[in-house]
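Shared chain: chain A. Partners: chain B in the first complex, chain C in the second.
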Partner chain A sequence: MKTENVLEIKELNVHYTTLTTTVVALKDVSLHVGPKEALGIIGESGCGKSTLSYAIMDYLPLNGASTGQILFKGEDLLALSNKEMQKFRGNRIAMVYQNPYSSLNPSLTIGFQLEEVTMFHRGFTREKARETAIETLIDLHLGDAVGIVKRYPHQISGGMQQRICIAMALLCRPDLMILDEPTTALDVTTEAVILDLILELKEKYDMSMIYISHDIGVVNKVSDRIAIMYRGEVVETGDKKAIFDDPQHPYTRALINCIPRSGVVKEHVKLNTIPGYVTRRSAEESGCPFVARCEQKNSTCEEQYGMKEWAENHYTACDRAYATDVPAKKLQVDEGSIPDTGDAEHKNVLELDNVYRYFGHAGKRVRAVDGINLTMERNSVLGVVGESGCGKSTMGHTVTGLYPPTKGRILFDGTDISVSWRKRSPDVLKNLQLIFQNPGRSLNPSFTLEQIIGRPMKKLLGIESKQERRKLIIDILKKVDLGEEYISRKPKQLSGGEMQRAAVARAFSISPNLLVCDEPTSALDASVQASVLNLLVDLQKESGASYMFISHDLNVINYLSDQIMVMYLGRICEYGTKNEVVGSPHHPYTEALLSAVPDVDPTKTRGTIRLKGAPPNPTQKIVGCPFSGRCHRKIGKICDTTPPPKVDISETHYVYCHLPPHEMDIIATKKGM
Partner chain B sequence: MNTFYLQLKKSPLAIIGLSILLLWIFAALFGPSLVSYTYTEMDMHNQLVSPGEQGHLLGTDALGRDVFSRIIYGSRTILTVALLTSLLSSFAGIIIGFIAGYFGGLVDTFFLRIMDILMAIPPLVLSMVVLGILGNSTILSLTIIVSIAYTPATARVARGALLTCKNTEYVDAARIRGESNIFIMFVEILPNTIGPVIVEITARFAYSIMMIASLGFLGVGLQPPTPDWGMMVIENKSIIRSAPWTVVYPSLAIASLVIAISLFSDFLSKVMINEN
Partner chain C sequence: MSFMKRFLSRLGFMALTVVAMSFLIFLLVEIMPGDVAQTVLGQAATEESVAALRETMKLNDPLMVRYGRWASGYIQGDLGESLYMRGVQINSIFWRRVGHSMLLALSALIFYVPLSIFLGVLAGVRAGKFSDSVISFLGLATMALPEFVSGILLITVFSVNLNLLPLTSVIPIGQTLWQNLEILVLPACSITFVMFGYVSRMQRSSMIGVMNSDYVRAAILKGMPKRYVIFRHALKNALLPTITIIGMNMGWLFGGLIVVETLFGFPGLGSLTMTAIKTRDIPLIEACVLFITIIFVFSTFITDMMYSFLNPKIRFKREDL
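Presenting the complex of A and B:
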């Protein structure tokens, strides 16, 4: 006998009416969530994931309208009045949002906000409510639960805030919890801890769960079943193993294959990309939503489109799933090691000699970069990885001259450039370019691409003729896969990926020697990220420029880099070639970082190392090792009192750590990725 | 531009405002050649006639001058001075506000304090005193004084608009390719603050009209016989009971123009600032 589903969505349609047009946000979405089941929903931005969660909670904006059925334990939520809905919302169905900081009221104590929930929904007295709140916080492993309820949201870290939000959702012991990208705003080590916690709580409270994310790795970790959404439709659902091992819909395949993951490196594979981008859907459109970007489309895509059962519990909306001419389903991963390219001429393009960068005044000084020694070889890619606040961006910005170093020397091609941009020669400015994280903010919205890309050419290459510039701009736009027609477009008329490619074009238009890439793909969707990464790889091969590639995403760093540097609190933890750092890490922080990355492949599981607490306050002067407070392999007092020595593992590989060599070897043999 | 038109279509108040404003601009440009009297012409036989009588649409004042003609001629001076004032004060405000905001620190403090001192004196009082001392206001002196009185407010708006753009990455990108500060301020940043700046100019336009009318009313505005709406109100104040039209119509002219511009400016701020 089939058990009753907690949630059953039947042919849900949602559309938004705007000034000019009607946009279809959800189309014929049918899903179900069984008791104690975790359903993961994956899709790129704009695919209707969040709209779905808002529709379930009846939180749609005023211009949104929905039709269909949302059955929660047999009761149709869409038929309920707003007042009746109150009984379910936050009580039987709870929701956790992406940004914990904006979901908590900054002017009320955490305790007060938690108490309100049970006082309203369960009619508790304030005393009883406080008791329940503290009990729940203890379930969430928040050490000092009694102390935390007295604090305000800004007094605790982002990870803690998200745990408070989860606690708030759990207070009424809901039957269904909806989590909308709850860890996207968090660091990878914090994310790992929260994900473990969510899994544990789900068991403990017998909840069902809908987990929404763009990150396949994360969804794999927490869910039993996965639904893939594209442009407002569910295109494939199935058990997570089936989805990963035997994806049927071309979009699912493309999405899985465009994410860099362990073993996927630039030397072996080119990432899969999906041409085009997610567009809005008009009311008239029918057929497969993916047809415009699909490489395997044919005439049946429109007529015979519809959800079909492919295997037990595995449904897909692609007619072509039955076809035999569809090429390889999975990205082939060659697990072999990469030969380290020994460059005969070891010429350094960049040298950092004991560079410091402080912000603020004495007394409240933030040590963003706290003594970095580094050399970068010509024609190589250095991946700089670390969590937010570790000073990786500041280091990149100091190199590009946005601010001069507080102390220390930066040598670029032998020239001392430890000054700000104002004092640098035009030649240095030309050869050192920066690509920013957010392309929407790095391209001036008032100018056309011709003006944006042409300006550095005029300013730094001295090309005065407009015709000549235009010819060069068209060339470079072609290289980044933007057509000639883009020359007169403004950034607003481009998608996120196109903007970032235009930014890459601007940087490459004056052929620099060194390009600092500051998280250039972290604001982009997976498929777009893949195309930008491929582009960067191609351009590097062609131009011979060096990259300093800054990212928090180890998979991306692993894909692109030759050397990897791991930073923590303004200092280097570990430096080495990609094989050395990822293959045989020697620093406990690298080990923790590697273990925290959720793997795309559900068949591979690894134990996560849970780091305690949060990084220390950067305004404090740290005497010993910056990581000692959170280190799971701390050996003793020496870690707090003495700065860790530089330990050379090989000619190209070193760590800063007090651990005795045999312990480091243990880390290395356990292997992260 | 398309959405601008669509949004205009959906807001009747803005349409009313814009229509009245266009009507006044038309009156100022072509009115004088269409009316049958000039602003100094005295109809000696028809003093203080009621509106509609003896060919005087809005009646005549104590000197037999046609009220309608004087209002139409008056729209010329008031619109000219107000337009010049709003442009001039915005121009000065942008330069001062941009320099203060862009360089920050001591430069910012220096300019802000000067602006604070100017702002401490109400604009009306400031203009009144200065114009009173200078005597014999002309269009030029009126424009300059009112512009100075309004510059602190526009400087603050411009500074605020600059600060929202100052820390964006495109400014960083311009810096590390070695652009000059002038270039960054006026080529990179200015076009992106155009929304608030245009809104400020239109709002300032309405304020200027109020100010000029008030100054005229207080007797330090343009000197007779130049037709000035504010002055027309005060000149005929004593006969308001016997000949209310001599006061009511100029007052209505002031009110309609100020309200029309305010309505349109509200709409602009909704469209232009939210869009960016």
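Presenting the complex of A and C:
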């Protein structure tokens, strides 16, 4: 029996005209969404995912034009006038956006913003509309629904705001809900709760859904069918399992393989990379969109390109993912041992002794780092993971001396460096480098790479000769896969990935002993992230430097680290080797965090632990365990009143928690990843 | 509630500013070159008579004592006696002038605020279209004209050529402003000329910003009609910066209209200040400048309060749920 599709997009083309050029945003996109079906759309940034959703809502910027058909239950939305379209928006088709905070009007109460939807579309009175709003909020498990409608958006947490936005989309019980990266701005534990909620509501309201994300794990969790987009085209669609188990398009395969996920660690696997980056598409360009970056391309690519049915329900524009007529790329982990650096006297490259870092004044004091004790071994990678506001970045910045610690001591190779970088010796500065999340802001835009990389060489290494410096700069640029020609380029001329490579090159040009990496890949697309991660792994092996790698992404941390430290609200929850923390976690927060990470493997689903609420206000003075307000295993009053003791699990593994040992063992045997 | 706290702290701050400013004004006038008694008596006066006058005016007392006397007089509502027009109580001329200025300021406000906001919103909503270009051009053109040029232009067109309105804004002796309301029109227009470009451009750009915001997009994609989105979702947020601008110019409007008032011969506070300065009438200068200062501080205060009242982010603090 063939049921009618809720949405059918036929040959949709969208282009933007600017003064000088025409940019193709969508090219011949054909997709359909069946009743109650969840279609996941995956793509890197700039692949037209968002344009697609706005095209469905008929909301393109003035310079955008579309051709084709968008049939919603048989009616062509593109042919409708703006007035007619209003009846669909928010009523039959509703949308949820990436940034809940800015999507809510700051000067109107939440209640008002919910009520107007049904008042317009259903002609409800305000009383009735409020009733419906509260009912819907209760469906979303918002405890105090009656209280929330009286509040303003800034008075509630980000996770809560996104639930309000979802409620807003659900008010008229739409047939189709479009979710555009709805959890990207949220923390991983909040994300997990929202994803569960979305699935639950989809069942409850019999909706169809389009879920757009760059995050393959998230899409895997919520969708039935998946479409992969690349540069404005759909390159492959199919059932979730088919896409993950048997991808046919070289891009799909490459994309899936470049994401670090459970079981993928640097010791065994090198991440797949896709050379180059996503470029804009001009009107003249035809043929395969991926040709510039494809490693399976051959002479037939031009003519044969086009959507074909590969198997039942599985369509692909190219089936050369496993083509053997081109030599396969070899990605091998070289097993060379890491050279030892520094004097052997100090086994530990870094020691933090009860380090505190506060911001603000008394009364409004933010305890960003609240008593950290830590030792980092030489030649190791310490992954620091935690959600936003847990103090991981502040700790990294304190170590690098962006600001001195409020209290406590930092020892680097045995030297006390508990001061700001201005007061540190050149030797310490040389050996302790920092890479930021946003390389665009840390590289001086008016300098060329030669100047940017050469400066620390001259100042800290004392290499005076320009020729000598240039030679070294070219060497280091080659190491980070940037050619010699990059030496005269300025940051503006580089893509995001290239900029981060340049930042890595600058840091490594003076062979530091310790590199603090603060979310260095979070702003990058998956394919580019993989290449930067590979680069960091290679350089560490080669130079023997140690890394403090700070990230919110457990998969990345897991891939890269030797030791992992989990932080919450400025304190350590758990510390141990990678296998210990990921393989047998002993702290409830680590457990929750691991359970929240969406898995890329479609066969695996795991129960996520729903944490209550949001992290408490960091200005609050915490007496007991910082996690006690949200802990799902809280044992009682002691958690609120007494700071949890350090419990040694093994020589290298400890947690701060009141739980009795047998309960910790339960966490460990349930296992996270 | 944090709004109350803010209110009280700003109130205190305002009082402090006024006190500090009054002292500063007193001091400034004090260090102005020339001796007061000498000025009063003229260059021909003998030293003895100057000394005697200094004595009667108690000019020889220490600075703080004189300031105290001056300030306490003000608090009791006594602005002192004019130096230039001997024997005339400043009170008797000052408040009438203030009244005139207020009336002028109010009529200007009634003219330009709705006009600039309306056209600014219109331009913002239609950004890039023809109506926007016209409004933006008008704004730029009027902004580029200094008020004496636009004033003269207005006089030439409406008084000289069309003979519709009086040439100057002088009130005939024995009459009040209320009997001569038409004299307000040209000065008010001239102020509108100055303010229109300023305020409407502000309104336009804040409207564009708000119309491009995520929450306006969200409202449109909720299926709300465009008009409703503009008035219910966008306008309130887009008004906030404009209110600040209007409020900050209030002080200027209520007393700083020296050029406009002088040009039209309007009997307001601005022209009074001008006269006081020209005749070195020190007590009058002090009264004028202090009053203008108070208006400035007060309007800033009102603006701040209005802004925080309209902005729920300030009115309601974030509570943790």
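As a working rule, the second predicted complex is superposed on the first by the 646 of 673 C-alpha atoms of A that agree within 3 Å, B and C clash if a C-alpha of one lies under 4 Å from a C-alpha of the other, contacts with A are read in each partner's own complex, and residues count from 1 in each chain.
Going forward, a residue touches a chain if its C-beta (ideal position, glycine included) is under 8 Å from a C-beta of that chain, and two chains touch if they have at least 3 such contacts.
Please read all numbers here as calculations on a predicted model, not as lab measurements.
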- Clash or fit, chain B versus chain C on superposed chain A: fit
- Query: What is the contact status of A:Tyr305 with respect to chain B (first) and chain C (second): first, second, both, or neither?
  - Reply: neither
- Query: What is the C-alpha-centre angle with chain A at the apex and chain B, chain C at the ends, nearest 10 degrees?
  - Reply: 30
- Which chain makes contact with more of the residues of chain A, chain B or else chain C? C
- May I ask you to decide whether A:Phe120 touches chain B, chain C, both, or neither, giving the answer as first, second, both or neither? second
- Identify the partner contact of A:Asn617: answer first if only chain B is touched, second if only chain C is, both if each is, neither if none is. second
- Using the touch definition from the top, say if A:Ser446 reaches chain B (first), chain C (second), both or neither. first
- Message: Let me test your reading of the model: by the given contact rule, A:Phe359 touches which partner, first (chain B), second (chain C), both or neither?
- Response: neither
- For A:Leu429, select first, second, both or neither according to whether it touches chain B, chain C, the two together, or no partner. first
- Query: Just how close are chain B and chain C at their nearest CA atoms in the overlay, in Å?
  - Reply: 8
- Item | Touch list for chain A against partner chain C, complex | 57, 59, 62, 82, 86-91, 94-95, 97, 99, 102-108, 116-117, 120-121, 144, 151-152, 154-157, 160, 165, 168, 613-614, 616-617
- Item | Of all residues in chain B, those that touch chain A in their complex | 3, 6-7, 10, 168-170, 172-179, 188, 191-192, 194, 276
- Okay, in this complex, where on chain A does chain B touch? 19-20, 397, 400-402, 421-422, 424, 426, 429, 432-434, 436-438, 441-447, 455-456, 459-460, 506
- Which residues of chain C touch chain A in the complex? 128, 213-226, 232-233, 236-237, 310-313, 316-321
